[in-house]
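Each in structure tokens, the structures are laid out below.
Paired with subunit B in one complex and with subunit C in the other, subunit A is shared by the two complexes that follow.
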Partner chain A sequence: MKETRTQMGRRAFLIELLFAMVAMGICAAICLAGFVHSDRLSQRSYAQSQSVVRVQTAVEQFKADPMAAGVSADAKTLRYYDSEWNEVDAQVEDGYRLELTSCTEEQGLYSALFCMWSEEGAALYSVETKKYLPARAREAGV
Partner chain B sequence: MSTAPSRGIQPGGVTILVIFAALCLAIFSALSMGAVRADKRLSEKYAAQTSRYYAADSAAEAWLADADRQLAALKKQNDEVAFWQKTAAAFGDAFDPETRQLSFQTKISDAQELRVVVQLTYADTPTEKIVLWSAVTTIDIEFDESMTVWEGEG
Partner chain C sequence: MIKRESNTGGGEFLFNILLFCMFAFFALAVLLAGAKAYRTFAARIDDNFAVRTAAGYLTNKLHQNDAENSVSITEFGGVPAIALTQPGLEDYHTLIYCSGGALREIFAHVEFEMDPDSGMEIVESQGLEFEQRPGGVWVRVLDGAGDATEFFVAVRSDAA
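Then we have the complex of A and B:
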């Protein structure tokens, strides 16, 4: 009789363990999906912050010397970055690209559009800026 | 023959452990999600504020270009006395005849504006000097430092 109760207890324990493992698995799967989603969102917001900083730097460099950018309606790539936001020489996998989309000039007022692109072709951040250079400054090449 | 009492995990113990582990996972998952969402909101606000600043900055540059062209035209046509009179007439409230400064302001956000002040001088060659180009806070910021804690009354 005692042996039968022990066996029943073992069986109950095994069933409980089985249910616990299944429940734990489901819970872990749900939470893991949450963690993965959090990680993706975190990477996206980090990329956006970095894009703003890099574009801002490019804008300030443009404002310091707008003539150096070169007036052109054609887009040109200024810099490439890898996935860790280190500057590299060419486009790399999961990297980013800073582009001067257009640069125009009208009576000394330079307008430029800067854009940061991801490798997949998504625009992460873009900003348009203007800089006025009086004729005397343009002649002096300042 | 007596049997020794079982010392292993009793039935129910595993369930309690699983409930505890699940709770831990759920709490950490929620905390991580909350922190990430806050980060995302912050980076979106930063991007929006930067865009607003450069929009205001571009407006100020366009104003400066327009003002420079007007001043150059006025200088070509007038002597010094007439130049100052016509500058005052052309720019209205934006020109201060006493300090001979031109000012421009444009809104960046509800709490900030971009202020530009240009010092004018009359000389053979036009000389305008930017004396101020700055984002200034336009409202009094009052931080809510109150704490809604029970103080032992009511």
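Then we have the complex of A and C:
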């Protein structure tokens, strides 16, 4: 049984279309994986940017009143945030946590380390800050 | 014989069309997914830019002018504003406020009546609020999309 020219043409077209579908599938899989990766990067970048603003606020508050932070080598959670960066009372799923990792004082020089953590335990941003308070200011509680 | 060949051809044609439709559908789906991903990234970049620019700008301005009686919270054109004056140049002030959908700055004589929209545009913003707190100023910024970000700026001179 010999195939007619038309039948051969149809079969070739079908194979071509199938190849195109397979190639399309591979490209789509690569593209989608790329999109997912980019989305994760973008989310992380957004979270880091928000962390910088929140940690900066904590640093500014520390500079305004270093004694309020309380000298301690133990980590202390200052604030919790939800996934949309709204302040909440306790840790929530996909949320973040602002921590005062340590606060020390030596001859009036207060040093504090602030860190923003994600729920998975990844440090998003941390910064160390120092503020000198003269003895007179310390006694006056300023 | 001729009839059977014609039937098979019709089935193949339909299958080819179906396959082509699937191809077109998936191609379009990938394209739309890409467009959506791009829109999301662009929106996040815009948000980051608006928040970081406003926070960095205000913090630097307040720290730069942190001298006795140099920082005060006031009103300009019916909106809250921060007034910054430099020692020795008390007749002039720099006002930072939000008007016409943007964070603006204007430097003018204290007695001049200015149009709020004539200020220099810094970054897109829907609103700006200030509140005096012990040790500094609490700032609330609404970005272009209307999302609020709050931050605190320490003012050592404590004159706000």
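Things worth noting here:
Convention: the second predicted complex is superposed on the first by the 133 of 142 C-alpha atoms of A that agree within 3 Å, B and C clash if a C-alpha of one lies under 4 Å from a C-alpha of the other, contacts with A are read in each partner's own complex, and residues count from 1 in each chain.
Here is the rule we use: contacts are C-beta pairs under 8 Å (C-beta built on N, C-alpha and C of every residue); 3 or more make two chains touch, one makes a residue touch a chain.
If you're wondering where the values come from, they're calculated on a predicted model, not measured in any experiment.
Taken together through their common subunit A, the two structures put subunit B and subunit C side by side without a clash. Contacts of A:42 after superposition: both subunit B and subunit C are touched.
Contacts of A:14 after superposition: subunit C is touched, whereas subunit B is not reached. When both complexes are overlaid on chain A, the residue A:57 reaches subunit C alone and has no touch with subunit B. Within the superposed three-chain model, A:31 lies in touch with subunit B and with subunit C [touch as defined at top].
In the superposition on chain A, contact is made by A:65 with subunit C only, not with subunit B.
Between the C-alpha centres of subunit B and subunit C, as seen from that of subunit A in the superposed arrangement, lies an angle of 60 degrees, given as a multiple of 10. After superposition on the shared chain, subunit A has more residues touched by B, the comparison being subunit B against subunit C.
Distance between subunit B and subunit C in the overlay is 6 Å (nearest C-alpha pair, rounded to whole angstrom).
Overlaid on A, the two complexes show subunit B and subunit C touching the same residues of subunit A, namely 6, 13, 17, 20, 24, 27-28, 31, 35, 38-39, 42, 45-46, 49, 52, 56.
Subunit C meets subunit A in the complex at residues 5, 9, 12, 15-16, 19-20, 22-23, 26-27, 29-30, 33-34, 37, 40-41, 44-45, 47-48, 51-52, 55, 59, 134-136, 149-156. Only residues 3, 6, 9, 11-12, 14-15, 17-18, 21-22, 25-26, 28-30, 32-33, 35-37, 39-40, 42-44, 46-47, 50-51, 54-55, 57-58, 61-62, 64-65, 68-69, 125-126 of subunit B touch subunit A when the two sit together in their complex. Interface residues of subunit A, counted against subunit C in their complex, comprise 4, 6-7, 10, 13-14, 17-18, 20-21, 24-25, 27-28, 31-32, 35, 38-39, 42-43, 45-46, 49-50, 52-54, 56-57, 60-61, 63-65, 85. Partner subunit B is touched in their complex by these residues of subunit A: 2, 6, 9, 12-13, 16-17, 19-20, 23-24, 27-28, 30-31, 34-35, 37-39, 41-42, 44-46, 48-49, 51-52, 55-56, 59, 107-109, 111, 125, 127-132, 134, 136.
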